[in-house]
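What follows are several structures.
Note that chain A is present in both complexes that follow, paired respectively with chain B and with chain C.
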Partner chain A sequence: MVAFGTGSKKIALELLVIAILLAVIPLVLMGNAYYELLAATVVLFSSMVVAWNIIGGYAGQLDLGAFAYVGVGGIITSELWIKAGIPPLLGIFAGGAASLLIAVIIGIPTFRFGIKEVWYALLTAALVVIFNNLSRVLMGPTDYYLPPKTGIIYLKFNSYEIMYAIASVILILTVLANLAIERSKIGYYLKSIREDELAAEMIGIDTRRYKLYALMIYSFFLGVMGYIYIVLAASFSYRMFDSSSSLSIAIMGIIGGLGSIEGGIVSAMVLRSLGEYFRSSFGSTVPGLDLLLYGIVLVIVGIFQPEGIAGIINRINKAMKKKR
Partner chain B sequence: MSEALLETRDLVKHFGGIKAIDSVSIKVMEGEILGLIGPNGAGKTTLFNCITGTYKPDGGKIFFRQKEITGLPSHEIIKLGIGRTWQIVRPFKKMSVLDAIATGSLLRYSDVEKAKEKAKEIASFLGLPKDILEKRGEEITLMQHKLVDLARALATEPKLLLIDEVGAGLRPSELSAMIDTLQKINSERKVTLVVVEHIMRLVMSISKRVIVMHEGRVIAQGKPEEVSNDPQVIQAYLGIKPI
Partner chain C sequence: MISPELLLQNSVDGIFLGLFYSLVAMGLALIFGVMDIINFAHGDLLMIAAYFVWLTSVDLSVDPTVTALLLIPLFFIIGIGIFFGMIQPVLGKEPLIQIAVTVGLGLILQNIALAMFKAQPKAVPYSIFNFSYSLGPLTIYASKLFIAVISIVTMYALNVFLNKTYIGLAMRSTTDNREVAQLMGINTRMLYAVTFGLGVALIALSSSLWMTFGQVQPYLGTSFSLISWVIVAMGGLGGITGVVYSGLIVGVAESLGSLFLTPSARMAVVYIIFFLVLWFRPRGLFGRR
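Let's turn to the complex of A and B:
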């Protein structure tokens, strides 16, 4: 989507804006461990929303299964460290690959049998529930903790500032992947599938194959992020396979605007921060208030700004161009 | 006339108990503009859908350039050189017009810049005004939509283009322009056309040969003026026996 001009200029500008944003946040929040943790979490959630943009925004598949992949990737990476001594710096790739494998196993029959729209949404939502139950059987109800070691090969530090930096690197890599997709054949093909799948087939696109590609890239990134999520949460259990978190990723992506990287980031940062505020302030008395907030914002956006935050950004851009 | 570009042999497609296509055998000759007419429900669009792989036929065979394509997936059939458009336009609403056409070009040119170049060339060939290329699919007129659909299909560089009721909803002046455009596609880009149409003015003015379908069967074929005097055709359209 057109946001900051066109071509390579656009990429440079977009990255610059994101980098500045990422650099400014710690200056404001520095010194307070809670805020630093919050900032790292928010940036990690932004990365998940940007990854979701590949399957949800470009390919237009309403995927509600984010935490199936986050959970698989995170738990595999952690277990590889705990049980086999493989450092997470390597392990995250195995975690990402494990999520990707799950995506292929799920994706091939799903797309083969033409499951789309509301059925795809339900299927992916069910996936999280299935993993939740399955892992409760396998792992029991206990919380597991990572070894107390820290260092770059473990991608684990006691300082939340460094964890924030790691999350920022992941966000930038995810943004780069999105930009690469958007500017190449696969991006055009995914968008055309989103717009009209039959018309896409009639210009020679193997729609099943391209939807599977989108699902694979998305799940790999989420799988990698899973471990960082565990480090920030300080422990892991079957509860990682969380339906409401999965839903919130899709909601943030939609509020940001389908196909819009910057829209997704802004939406995730604002909503996740507000959601966290609600949870910490009222969570003990009114649980689930953060989801209620997302729901309300979604309704408002749906009525007044169906193209999400991206629509607002586009309008500002157009206005600025006219002034020049 | 040279050899058949497309041939169907005893093609059958039924939905439940209804035979939408009942043993249809037609030949499309290379280079021609074939008119395919018939009342609503005659099976014309179903025939298109079988040829492009959207529907799997229940019987019979389809050959394209002497190669059997029955039952192949759509994307493979398109890649072999068949394109199609629909009666109701299917725009990529949230993409720019240029991007939509370029997505078609990507089938033959994987490089995005090259694909866009090709797309621009096709757009200007069809006479699409330059200023609409950056507009989004949701911001243009019906006539422009029809041209963009044609451009997107042409961008895949088909040998055969199946055009479904492109005249529907157009004003008389737009219709004349569309007739010129179709002839230009046929003569300058060497694309064989099969044109499904209700508007007789369009069919009669561009087709040298017409096939008439009724209730899933081919009931007549030949020159437009012969066909329009055929008693069976008159009966199919008017529902009465000619006096």
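Let's turn to the complex of A and C:
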């Protein structure tokens, strides 16, 4: 599934390409704060999609609840800072752990062998709706703001350039986690579960345990990203538990190609930027146009190109090799 | 303290609601049983059908219940169209892709509705069932009673259909064992198409009933999807009776949940039931397999 091959030289090259691309983007934007914020958001979304690849791409479980984990992690980190004075640099780990805990509670019953994939998808889709309702009761309809302090221990800066850099670091860490999983025993087990769960169980893989590992890594990363998401959005409320954002993470992951890191990054960057463009130009007259676009692309990809963008990259790679 | 009258009132409302919910979930259960696919766009199809009901009953000034006569055949055809256009091409593919395609359909429907009708809720201005009886301490709304009665009649008819007609028997045998049914000469492709059409037609009927007292807005589908999934998880493979019992449990639980807790916690109660069922009885309360 890895388009560029699996040698460690090639992986280093791949990381270098991603790092250079991430470094070039701010130069192009030339200090326009709106575009810098947009770029930071797009990079953060890409990291969410790459994290989703662990549960969706490698383990083959359709997780539709990304923003349940983002919301829990982000809100807990922020509340720890506001209420208890714990700096977010430490707090993000607590936030990530909280998301992980919730994910495990969801995963234990649905990852049992012989339970259809669909129940996990349903439970995660419902989880976002429930957290939305519950947090509306608990937090009320108000927006909460972070304290005005900035600095590295708060992971919060007034300059969007630095926030962009933080998002880029998170993206690279998520990519590294993906690569580590892909090349480890867990990765091979997960792929065998995705291809044929019955066969995996037959040769003695504890399918539930490995699916849970994938879920734990994924939800922890999303919980950590939640706080950065709040910093970029400047406030938080019950509206963080958003079904359509959660769906769009899964959609970008599928369109990128299951199990493909670079496909996920490309699809997140393209779709998220396009969606943002639609929202800023038509958001007031035709709301939801960005989500309509995601839905249409998802159906088309599902029917005609289930390998997603990764399939296209693979094909181009093969064609290039033939020419040589 | 909650008075016994209020408790009785909420239980009766819950039973009416539960019967309606089992009708809503019936289409989903039928498709899940026969085709082994959960249609994520189930609730969103109901929402779109409800907009059709609103449009036709406002434009033609007819009662929402009458629109069912028009909508049931229309949505049967739409269902078959969706099957051949979207479901059939992904049948052999990974489960994740199969689910994702219906997720995409739901997203498309929701945002088309949002673009066309905006987020403002719409309701039909009148219905012949807008009155209520007093029965001792109980108040019975005619529309809710009517919905419950129609739901029972429909499910009885469906039961006859599944037990007495060739197609119905083919559906039941495919639910029991797909390979054997195929070997016995059942054309599964056509059967799938008919099942999908029937499932979507049942949604159209539910939406006509819903509009006698309810409102429609683009996100209506989400709550109906959630309720239908819970019902199918609980009783999906237990036949019609399984779906009815599960519907009643969800209806009463939701109604009592909004009485004992806050009304906004209604969905949380439904979700917790969903979760507990998956934890303790992953094959459903009334399942056979």
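By our rule, the second predicted complex is superposed on the first by the 317 of 324 C-alpha atoms of A that agree within 3 Å, B and C clash if a C-alpha of one lies under 4 Å from a C-alpha of the other, contacts with A are read in each partner's own complex, and residues count from 1 in each chain.
Convention: a contact is a pair of C-beta atoms (placed from the backbone, for glycine too) under 8 Å apart; a residue touches a chain by one contact, two chains touch by 3 or more.
Owing to the predicted nature of the structure, the values given are computational and were not obtained by experimental measurement.
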| item | value |
| --- | --- |
| Which superposed partner A:185 touches (first chain B, second chain C, both, neither) | first |
| Chain B versus chain C as contact partner of A:204, first or second or both or neither | first |
| Contacts of A:141 with chain B and chain C, given as first, second, both or neither | neither |
| Residue contacts with chain A in the superposition, chain B compared against chain C | C |
| First, second, both or neither for A:259, with chain B first and chain C second | first |
| Touching partner for A:196 - first (chain B), second (chain C), both, neither | first |
| Contacts of A:291 with chain B and chain C, given as first, second, both or neither | second |
| Residues on chain A lying within both footprints (that of chain B and that of chain C) | 194, 258 |
| Residue numbers on chain C that touch chain A, as the complex places them | 36, 38, 40, 86, 89-90, 93-97, 99-101, 103-108, 110-112, 114-115, 118-119, 218, 222-223, 226, 229, 233, 262, 264-265, 267-268, 271, 274-275, 278-279, 282 |
| Residues on chain A engaged by chain C in the complex (per definition of touch) | 56, 60-62, 64, 108-110, 112, 114-119, 121-123, 125-127, 129-130, 133-134, 136-137, 194, 243-244, 247, 250-251, 254, 258, 286-289, 291-292, 294-296, 298-299, 302-303, 306 |
| Residues of chain B defined as touching chain A within the complex | 52, 54, 73-75, 78-79, 83-84, 86, 90-95, 99-100, 102-104, 106-107, 110, 112, 115, 137, 152-153, 155-156 |
| Contact footprint of chain B on chain A as seen in their complex | 183-185, 188-189, 191-192, 194-196, 198-207, 258-259 |
